[in-house]
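Before any comments, here is the structure.
Here the chain labels run A, B, C, D, E and F in written order, and each chain numbers its own residues starting at 1.
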Amino acid sequence: MAQILDIPALAPGDDVHHPLVVADVDVRGGDHARTTITFSNRTGQIVSAPFWAGRDEMIRGVAKGMLVQVVGKVTAYRDCNQLDAVSVRALPKGSVPLADLVPSVGAVDKYWQFIDEKRAEITAPRLRAVLDLCYADDAFRQQYEACPGSPGTGHHARLGGLLQHTCEVLAIALQISRVAKADIELVIAGVLLHDIGKLECYSWESGAFDTTERGRLVGHVVQGVIMLQRAIAQAASPPCTEAEQLILEHLILSHHGKLEFGSPVKPLTLEAEILHFADDASAKTASIAEAYASREFFPDGAGVSTRKIWQLDGRWMFKSKASFGREPGD
Amino acid sequence: MAQILDIPALAPGDDVHHPLVVADVDVRGGDHARTTITFSNRTGQIVSAPFWAGRDEMIRGVAKGMLVQVVGKVTAYRDCNQLDAVSVRALPKGSVPLADLVPSVGAVDKYWQFIDEKRAEITAPRLRAVLDLCYADDAFRQQYEACPGSPGTGHHARLGGLLQHTCEVLAIALQISRVAKADIELVIAGVLLHDIGKLECYSWESGAFDTTERGRLVGHVVQGVIMLQRAIAQAASPPCTEAEQLILEHLILSHHGKLEFGSPVKPLTLEAEILHFADDASAKTASIAEAYASREFFPDGAGVSTRKIWQLDGRWMFKSKASFGREPGD
Amino acid sequence: MAQILDIPALAPGDDVHHPLVVADVDVRGGDHARTTITFSNRTGQIVSAPFWAGRDEMIRGVAKGMLVQVVGKVTAYRDCNQLDAVSVRALPKGSVPLADLVPSVGAVDKYWQFIDEKRAEITAPRLRAVLDLCYADDAFRQQYEACPGSPGTGHHARLGGLLQHTCEVLAIALQISRVAKADIELVIAGVLLHDIGKLECYSWESGAFDTTERGRLVGHVVQGVIMLQRAIAQAASPPCTEAEQLILEHLILSHHGKLEFGSPVKPLTLEAEILHFADDASAKTASIAEAYASREFFPDGAGVSTRKIWQLDGRWMFKSKASFGREPGD
Amino acid sequence: MAQILDIPALAPGDDVHHPLVVADVDVRGGDHARTTITFSNRTGQIVSAPFWAGRDEMIRGVAKGMLVQVVGKVTAYRDCNQLDAVSVRALPKGSVPLADLVPSVGAVDKYWQFIDEKRAEITAPRLRAVLDLCYADDAFRQQYEACPGSPGTGHHARLGGLLQHTCEVLAIALQISRVAKADIELVIAGVLLHDIGKLECYSWESGAFDTTERGRLVGHVVQGVIMLQRAIAQAASPPCTEAEQLILEHLILSHHGKLEFGSPVKPLTLEAEILHFADDASAKTASIAEAYASREFFPDGAGVSTRKIWQLDGRWMFKSKASFGREPGD
Amino acid sequence: MAQILDIPALAPGDDVHHPLVVADVDVRGGDHARTTITFSNRTGQIVSAPFWAGRDEMIRGVAKGMLVQVVGKVTAYRDCNQLDAVSVRALPKGSVPLADLVPSVGAVDKYWQFIDEKRAEITAPRLRAVLDLCYADDAFRQQYEACPGSPGTGHHARLGGLLQHTCEVLAIALQISRVAKADIELVIAGVLLHDIGKLECYSWESGAFDTTERGRLVGHVVQGVIMLQRAIAQAASPPCTEAEQLILEHLILSHHGKLEFGSPVKPLTLEAEILHFADDASAKTASIAEAYASREFFPDGAGVSTRKIWQLDGRWMFKSKASFGREPGD
Amino acid sequence: MAQILDIPALAPGDDVHHPLVVADVDVRGGDHARTTITFSNRTGQIVSAPFWAGRDEMIRGVAKGMLVQVVGKVTAYRDCNQLDAVSVRALPKGSVPLADLVPSVGAVDKYWQFIDEKRAEITAPRLRAVLDLCYADDAFRQQYEACPGSPGTGHHARLGGLLQHTCEVLAIALQISRVAKADIELVIAGVLLHDIGKLECYSWESGAFDTTERGRLVGHVVQGVIMLQRAIAQAASPPCTEAEQLILEHLILSHHGKLEFGSPVKPLTLEAEILHFADDASAKTASIAEAYASREFFPDGAGVSTRKIWQLDGRWMFKSKASFGREPGD
């Protein structure tokens, strides 16, 4: 149990007896009832051979997000490996460190340092007071530095990804604010608050990233406003005026920029527009950088991606190797 | 001051000295700076001749929603009358009954009776408890029975229009629920809560219907959820579980049916889908009925409307006179 | 041959010698020519192993909609069963009751009772006369009570589904009509006529639901108008005026509500709008109810559907279990 | 009364006592009730000064499409002339030749010659038989050679415009058919039938082009199919098989190419696709040619059109004067 | 002639005898032929009373972009002033400084300094060589520092606006590049080249901003590539490889981000995506800042804009006055 | 090696030792790294069994477009054959004639004859001069007569397909031009130039059709303009004026008709609109004809296609067999 299974390196015939996370359980009813399980750790994931209905006692009680000890053998299935499991046994939560189960951004200190520096530069007392409700709260910080930027296959889908994304948005938004002569302090506040709803819309503690029921039924955009409302309501004294709170709520609500992307209102202030641009720029450029780094899309230094990339509206991306005369390593 | 000015009956040359509401103030800066004011009462509205910049002392301080005593004369301007005002003087708020200033649905008892009857049929204690937070509260009822269904030119744009619309949605939703074997009690709750956000997103007390800043920056869809959250937070004890509250929030949030219509999430439950259909059916059929009744769109029993109707996606509507052999009056 | 094969209960190794319908024949030409056959009965369907080109004498002459006696064995193919047939022999049409071959809504009396009751309430003589052309005709009624609401995987895809759908639309449309003060009799007529085109656009007699060539090349919306025209032309004397007929044609033509959904004209009358809403509400809520009831989408009382549901614009639906304090069984 | 009023040449102060068509009556109810009338003849149109409600006895009974003798004077209104009428008196229908009242394509013989030549080349007996139902019928031909290609401001909006458009579509479709090796005879039939519905969807006899109620509520696409059905039903013996009739119906129904352009089905055969392309090419190039020829869009040999052209999706069109070295007159 | 006419300050009755630019000539043919002229200088613009056809000798030969001496009187027309001209006489080009005729960004040194600093930081010799083709060329620089960012009513529509916009894009793009770890030198090159096509697509020398024929028929996106090709072809020796040139062409071509916004290809490299975001952020935030500063949209410190702003997709923008406790002047 | 392998006729068990083209190499990284190769010749294509990572020495260095000698055996994989290769060895380029490796339109003389005939009819000297830059150049002609109309699965995807497509567009465009009274010579020029960019955007010499990097990053629409610019710049003397060149560039740029189809500008001249229609008509009707002829979509004279056809916007096409009484062979 000491060692992490290197999933991408598995070959047919290899034995498995390792702790793995149940990343997904796919129950199919109807004409050919069966269940398959996707197992994962931080190195990758592998799908089980099907457990046919009636012959699936072994996985009775197994659910998404459980940590299990799996015993089995890798077999080849067409152009994939699959895991033919003979035993799937629950392990106590926490018996394997979370960082072994999912990818992570690594140490988060530099991110906090940047954020706290910018918070400290805010001169408006009521703006600082609002931000302190979250950012001066240790419980909030612990959650925020763990939360992924998205569950599954979106951008920044790593432990700490939300924090990293926040910093990227902050850096970009500050620059646009300077150019556009916007209210920089308000933009900082917008950046720091825009995605707080993700804390209750995503789950990650088990090692299986997922969207919570609240995430599906309310969504992180509106949930952010709910959490801000709640924090302000619970404050000893109102940290800001109602009109000011309204401006902050608008920043959160409009950050997706368009109704069809899930913002119930379009950005109506300069600061809201800036927040939207910076958020989108961080998300899209991170998606490209992740695609460039992925052996799935760009194996062997390919120029054109091997397939369309859905996170990027189905584009075939291109990786330029033009040096323009620079020496390698410049 | 006793009598209401009959605006549609005005002709050039008529004198005006009557109380009117300032329905709109249109300040135009730039190359030809000037202000025009739209005056209204429940019979209609009339636009002033322009007050040119530099010659507009008479309207200093006049703002949307004020009640004013206007003295002037009607003049002809191309294919409209305009009001050439020589005096515009503020009147104390409340010196003219609101019902003289804006159209209204009339007595609201029958609407309350229907709603309260349906509330009483709910057997789920926690659902009733949530609804009581609003519907057993006199302040809420007073606001709710006054609020228009929309500001300006949308459907049910009358005092009490929201209450009337709620009853229409309720009647339709109950029937769809029966057909679809949905959870009828949950649908009732959804109907009664779906538009509560309008109370803080529209203003009407002055006699000039308007959208509040909260209405623009947050919108009534999200505002409904905020108000529900607040009401539950302020209750002596939690009227329902968190999971149940989530279901109610989803009903409110998804009632516009599509992201591009301002719902940040699509309806994901049968009950949410029903609520959306019933809401839309009430709104659209009311818009048609209002167009049919309007002399602007259907003067003199016209068959085809005289112009496109924007509330109905720009359709030219048609009013059938086919009797199919029925006697008039059947 | 007495007993119906329970397809969902089949397991690899099981023997099959049962009557089945040829639900689909998939001939693939080109580089790897082969044919597969989907066999079905009312319990479900199963796909054959491929018959390779040149080795497919056994299925010579087998076509969609044939009733065949199949002898073979069930084998496992990855995550499905498939049927390895060794004999496929045509059976005489009608040798197995249709109700054993396809799902059905069951007894239809209650549906007819509701429809005939509403027809009887119509006071307009010429409207009744038009409806009688269809609804007082036994041949029409026999077809209408059998026709599915849609072929394949749409809503109400069962024998009698069209009749059931008609009743749902009727119930909903009546209620909206009351709320909107529409011409209820005209709405009833619209509901009863709106889908008559399906009788010539779908086929079901063989046990394999399908779209006819007319269904593809003309579509049920326009076909309904053609059938109405024909029925009126063949009547002994004109049952209504030309202007009245036009109103009815418009109801049929516009019932899909939008051009992009296949209505060549948008609803231009209040009654047409109501019909569209009621039709859509019945279709969409039935789709949700069918998804809720399906073990494919909601196995084991799952909260979130196991996959996107294309009939519902690709939504992941959610099944709430909130009781709000009701006792089970309330 | 002998001479046609030259409307574009009118100047303020000119007297009018001429026969004119009532091209439109715009009744405005509501706050400033009044009526304006648009008068026209084949040279152009002019709008009346408003007739105010209560002072409009002179136009009692005047309706769209009436021929009237107008007495009045031209006055200037901002950047338009208007007609200040002192008498508007009905004239007997037909007292002025239709060709003096509306623009026309002129002699139609050459169009008939082309069409009849192509009909004569058809070898398929049943295809000729179907076309003869229309094209060998004198009443049909008389209507068809008068009908405009569109009412109001669309393409080919002239007496005979439909016939001219039909010839253009025919010439283009024949060429595409040759290139695509399509069934040319079927394409000819499709061209000759595709717009027959316009005969009952447009009106022009009065001198005021308009869309009929049938045109609004059913549309010429579906109306074409209805008319074909009727013609075939009334034939002494069926001119073609049902399967063949279906192919022709599909050609008519799909000729707008897309659902959102009013075809309830997309073109599914090669011949239907060709018909759609040829129809669209004739319509769009005619719109451009008409814009090029219009002094409104291209006064004084302008290069860029003076405004966006809505018939061409709001494009600013451009008229090239590049000679590439040709002598003028080449 | 020494003094610039203060157009926004004009009032009816004022005399005009000043040099003005012919900003637009609107010739209307058809039924009421007449011409109106829009006159402008850097303070604003005013429209002439109509010159009726036949009475317009005074403006014979007057064309868009001419500098003219206008004599006339201001008259009131409804809610605008208009200029009743009695003499319109051509002045020699250049007799009034361009900066008196159109708005300008002022001194451009700081913009050049920023750009040249960034150019100097580029280490890739072939990238610098390409940029030098433009940016080391004095003729190019003179044009580039004058060209507006857009003609008419778009963003940065001032002399020097293109240069200012380029700097804004550069500042933003540099920051996104750092965050996304992109090739910063390539991004700088993309920024400096992306809008060079505007030099041949806009005209401004006369004092009337306009789009050239090339601007309409080719567009600045493609024109930029054409100009880059030409510059490289004319260079003494090829400044970069063909593959490198391709990467630069792609940056220019894709900078509008989407096909429907006029880019014939979508951004396929990280650097192209960044350029697109930075360009869009500069354009949109400038549009908001310009709206905020405009007395037309925000007179008298209004919170909500007085009308929809088309440059911002028809949004009603909002100007927050929330101080969050800051002292005025912070 | 003399004989071409008949790929569609292969059956499991067959031996292969034949020259084949590497049509595609699909490298998949990530959790189950492996490579598959698609081999092709003019009869069709077959996919290899996967080469697993670590066991793929045999295909080291094999790249798209290589000509290889393959030794292996055909095996069955579910509903396809696959090729289990035991040796893949590079062959010298050109050792197999290109016409054996890819489909072709056959002899091209008739196409050239038609084009050269039309060129000869052009009277405008400067138009001929421009066309001669390409069409009087042997190198251009050799490339042009080989280039496919599209790479992969689009229309005219055969050697010589571009030339064939050009002739189709020419024939159609000439006819529309006659109907619309357009400048026929200009239209001819537009047709002959519109797709010249494909010469540098597609590659075909190896026997594997592909899109070049220039094809992806610039696209053939813009590339055509670049090539025209270059040809004109390199001419001994300018063959036409700049204004004339602009008109030609616009024809090329706008030939896709809409921004969302990759034209950066919409057609603004009559001739550009005609070119767009003719191009689209040739492309779409060729796609239908190719689908009709394909055993994949229409095996065994099927009426309805066996699946949706993506080249035709996902339509299910229909092949009519209506004879309308013609004798077979008419």
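Criterion: a residue touches a chain if its C-beta (ideal position, glycine included) is under 8 Å from a C-beta of that chain, and two chains touch if they have at least 3 such contacts.
Keep in mind that this is a model prediction, so the values were computed, not measured.
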item: Chains touching both subunit D and subunit E, listed by label; value: B, F
item: Partner chains shared by subunit C and subunit D (touch criterion as defined above); value: B, F
item: Chain pair showing more contacts of the two, B-E and A-E; value: A-E
item: Euclidean distance of C-alpha centroids - subunit A vs subunit F, Å; value: 42
item: Length of the line joining the C-alpha centres of subunit A and subunit D, rounded to whole Å; value: 59
item: Between subunit B and subunit C, centroid-to-centroid distance (C-alpha), Å; value: 41
item: In subunit A, residues with contacts to at least two other chains; value: 213, 216-217, 243, 247, 250, 268, 316, 318
item: Interchain contacts (touch definition) - all pairs; value: A-B, A-C, A-E, A-F, B-C, B-D, B-E, C-D, C-F, D-E, D-F, E-F
item: Complex interface listing, subunit E residues touching subunit A; value: 123-127, 168, 171-172, 174-176, 178-183, 185-186, 240-241, 243-244, 247, 250, 266-271, 273-274, 277, 280-282, 284-286, 288-289, 292, 313, 315-320, 322-326, 330
item: Subunit A to subunit B touching residues, read off their complex; value: 213-214, 216-219, 221-222, 225-226, 229-230, 233, 243, 246-247, 249-250, 253, 259-265, 268
item: Contact footprint of subunit F on subunit A as seen in their complex; value: 7-8, 11, 44-46, 78-81, 294-296, 299-300, 302-304, 306, 316, 318
item: Contacting residues of subunit F [partner subunit A, same complex]; value: 26-34, 36, 50, 52, 54, 77, 213, 216-217
